[in-house]
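In the two complexes that follow, chain A is the common piece, with chain B as its partner first and chain C second.
The block that comes next holds the complex of A and B.
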């Protein structure tokens, strides 16, 4: 195996591509958990968005804008329904969210047969994917530009959105109110904030982010719909949200880590390693990262206690 | 007259919480509403603040009839409330807590400087000392309460309701609070204080409304009444004088030596604690809450096992042992939070009375519960403790605070073990129930038992304890015998001060 710049730059660009959907979904999760709602349905929202954007893409003969809007709208509707169940009907967020995730897999398989008469995979030459952006420095710095090869504007948008979500949550009045709701719902209510309305709107709007993630899956690197297209990325996003402590910047870092795992995993497929092993890399990394982070947090806590005791002893 | 509530009626199911209650309030006046728990004083204030809707009756603010559907409606009419359980955002700053929902903004962004300025202005105007940029989590309880008061002032409240405001404060902080209340009244604010601490009423109130069982039983000017008269009106009978005789002490039931524990915030929450409780003794631990009392009790009872030091219960070494081992060694425990730790709110009364004893010979055989003896046991305890219940199969959460506490006391005090640890056994319960709990604790000691009493209520400690330890910053600083010390000196020592005679 020869390690060359071509090889490294290919890994970097594929890292970015793998990262974007996870980043978008984990930002959605972060917004929800900062507002005090536990959202586990990113997987389902993403999958349904991916499907319906392809449906609209097919029937409008490749109208990309309408396809994106269809994906976003689908995800918002699904998030809205979920929010209605969780916030209005007080359903368990885990059970309601898991129901949506499981159902979306079945629904897309069924509807794929209804709409296209296909099983497992739908691909058509009339489908148009997202436009790939060529970096403006591609002529002057072709080596650097190759790191950004194949990225669509939605990929770039995901990073802008990470910053936007940060500014929204931490600098704006509405963001501050949302965070306060997440900290103490009752206190916010006692000051006259319509808590449920805010939570409902946050959850529904978080659907926009999952919707974009879905569009990226079916119209990004490839333009097709395949059964279980999200393949657990929504759950990885949940972990990313956890590792990043629901802070947009932390979440972005965690998503990047998972993006690296995924791209390294798929590149190792070209080596003599068994496909089952390389394919498992992103998921194993997820589990390991969760374990390591919880061990780290616990050790930090214990260490703090020990140091405090020592400091007291030397004083007295 | 700034406020008038006329003939308010409110029922919860079959219970009449307010029966034709009328209350009026003048400008610049402090009105105290006193009564036992369940007398309906919280209900009437919840109605005034828009948290509950009355079944019938009318509210007039400044002569205008109003209907409140939510607290924000009440706030718009200038009514604010300082809740007993603070409604704050702990990780946020003082300013962020005060300006919430009415922020100074610039193009949708939070204008940090302007908000801080506003808070500083307000705090200076009313002499309520706070640091606008401090994080609430790091503030003392007294400061947090000042933030709550500032919140109501920021919303331009001219009527402020205080719900049991002194329940969480140290003696020094209570003095500050009472001063603040007088200042606010002088500045033209009208205040309503809900409380059952009559000495505070006598200190600040202009008028007193006494409630009992949902109705107003008395309206008096402070100058025309006394604490004795008020307490008589509140409970409808004279208080009994509990006769406490010293009992000869015997063997040591609890011995703690060298107990030390650290915390993640970086200080020693317990620092070389040594104490003992003997047969025939009630031993009190006095201290401002948060000085390690809770942690000490958690260590002794086995809820916390990562500590250094030795704990002996009735001669058995139970250091770092689990709760089960500690309890079996001869200890029962009334936890400080009766709903979080003391009981299962969704379970029946007989289940709650059984808890902890379910595997004893008397109540089960080969893992099968003997429901008959369990029910008989529950029936007996409920009768003995005069708990007001419909049936012993009703849920714990349906009981009032005082009755729930009686259930927990019945279970723990009547357990056949020599030592009982009682944490805040009378917090937030009415005088009648308090009297009863005290009587049972004294009864326990007279029957050759021992009691370790932890309470932030100084009068309780001084009245019941044969010996008193003063706890400050995780250490027991002083030890006194009954009658050696008064509440003023004890208050100073609880804050870490020394007495120079």
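The block that comes next holds the complex of A and C.
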């Protein structure tokens, strides 16, 4: 195996591509958990949005804008229904979310059969994917530009959205209120914040992010729909949100980590390692990352206590 | 009389949810241009109403009952574990590896295989419980990740270590066929095997364990209110390990029965693709984590799955319709409309 620059740059660009759907979903999860709602339905929202964007793409003969809008709208509707069940009807967020996830698997397969008359995989030459962006420095610095090969504008948008979510949550009044709801719902309510309304709107808007992630899956690096297209990315996003402590910047770092795991995993597949081992890498990494982050947090806490004790000793 | 009344009122809401699920299924069938009445009728007839279909339903229900009991035990004790699938895979692959290699009379091999599978499931469950408790991670996420790991692990073993060299179909990814040491059919005409009887025994045993022993009391209290349980001197960490180990052992046993009773070997993806785990969780939810109720809900869910496969053949309706119906049912059950509804009734009574 020769490690050359082409090899490394290919890994970097595929890291970015693998990272963006996870990033978008974990931002959605971060927004929800900052508002005090546990959202596990990213997987289902992504899958449905991926499917409906392909459906609209097929029937409008490759209208990309309409397909993106269809994906986002689908995901928003599904998130809205879920929010209604969780917030209004007091359903268990885990069960309702998991029900949406399994249901969306059923719905996509069912509708694929109804619309296209087949099960499993749908691919058609008339489908048009998202436009790939060539970086402006591709002529002057071709080596650097090859790291950004094959990225679409939604991939770039995902990183801008990470900053936008950060600004929204931490620098605006509404974001401040949302975080207050997450910290103490009753206190926020006593100050006159319409808690349910804010939670409902946050969940529905988090659907936009999941919708974009779904669009990326079905129209990003490949343009097709395959059954169970999200393959656990929604759950990985949940962990990324967990690792990043629901802070948009931390979440972005965590999703980058999972992106690296995924791309390294798929590159190792070309070597002698078996596909079953490389395929398990992201999931094993998720487990290990939760362990390491917990040890780190614990050590940090102990350090703080030690320092406080020392400070007391020196005082006395 | 009072008991009957209470039973009826606790059944009313799940039955309403089932009815709504079937109505939504009918609407979906109608939207694709098929006759909804004959679709739903075909679903029910294909699931329950002939001897053959009832037998297939009971065969299909067997792994779902194991998953359902496993889930009811864990969720009823307050641990949202999704790990039944991974534990079942571990049980199944263990059974497929151990059974053809053990010497001795067939009945002994079957018993030993089942025990091995139970240990495998319990240990695998303990791993996820340990990671979750020790490192303060969401049990839900950890168990989901362990499911993927288990599936890849089993797939690796079947592909590269224990692949059946004599398979007629060279593309089939499966282990060697188990001869002799299997769970026989109850009636030779039908596919239902003695795994179903084991499932019934497990339901009764676990029901006894939860309702009549101090361990079950501790587990249930931990589920109802963990803070109060800890205050009352119930060590929750130890109870958690025990509960999750037992639920893992039950899921592992389910995997063994699936291998020894229906497939006689491990076939790649044989546990994940039918979605046994989620059906089991739905079944336990429909009965509010009651073991006896879980048994009947599992049989119901298995029935609509079998019926769904039959209408796919006869009416050309994709069998995934049952996944949708099942999802609708679990969403409705988990929503607390029931409470508002009963409150409304009470308010009416008091107004009168």
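The rule we apply is simple: the second predicted complex is superposed on the first by the 298 of 316 C-alpha atoms of A that agree within 3 Å, B and C clash if a C-alpha of one lies under 4 Å from a C-alpha of the other, contacts with A are read in each partner's own complex, and residues count from 1 in each chain.
Rule of thumb we're sticking to: contacts are C-beta pairs under 8 Å (C-beta built on N, C-alpha and C of every residue); 3 or more make two chains touch, one makes a residue touch a chain.
Model, not experiment: these values are computed from the prediction.
Visitor: Counting touched residues of chain A, say whether chain B or chain C comes out ahead.
Guide: C
Visitor: In the superposed arrangement, does A:188 touch chain B (first), chain C (second), both or neither?
Guide: In the superposition, A:188 contacts chain B only.
Visitor: Looking at the overlay, does A:301 come into contact with chain B only (first), chain C only (second), both, or neither?
Guide: After superposition on chain A, A:301 lies in contact with chain B alone.
Visitor: Tell me which partner A:63 touches in the superposition: chain B (first), chain C (second), both or neither.
Guide: After superposition on chain A, A:63 lies in contact with neither partner.
Visitor: Inside the complex, what are the residues of chain C that reach chain A?
Guide: So the residues of chain C in touch with chain A come to 28, 32, 80, 82, 131, 135-138, 140-142, 144-146, 148-149, 152-153, 155-156, 159-160, 275, 278, 281-282, 285, 318, 320-324, 326-328, 330-331, 333-337, 339.
Visitor: Which of the residues in chain B end up touching chain A in this complex?
Guide: Residue list for chain B touching chain A: 70-72, 75, 81, 83, 86-92, 96, 100-101, 103, 105, 108-110, 151, 260, 262-268, 271.
Visitor: Spell out the part of chain A that touches chain C in their complex, as residue ranges.
Guide: That would be residues 40, 85, 89-92, 94-96, 98-100, 102-103, 105-107, 109-110, 113-114, 119, 232, 235, 238-239, 242, 274, 276-277, 279-280, 283-284, 286-287, 290-291, 294-295 of chain A.
Visitor: Tell me, which parts of chain A touch chain B in their complex?
Guide: Within the complex, chain A contacts chain B at residues 171-174, 176-177, 179-180, 183-184, 186-193, 301, 304-309, 311-312.
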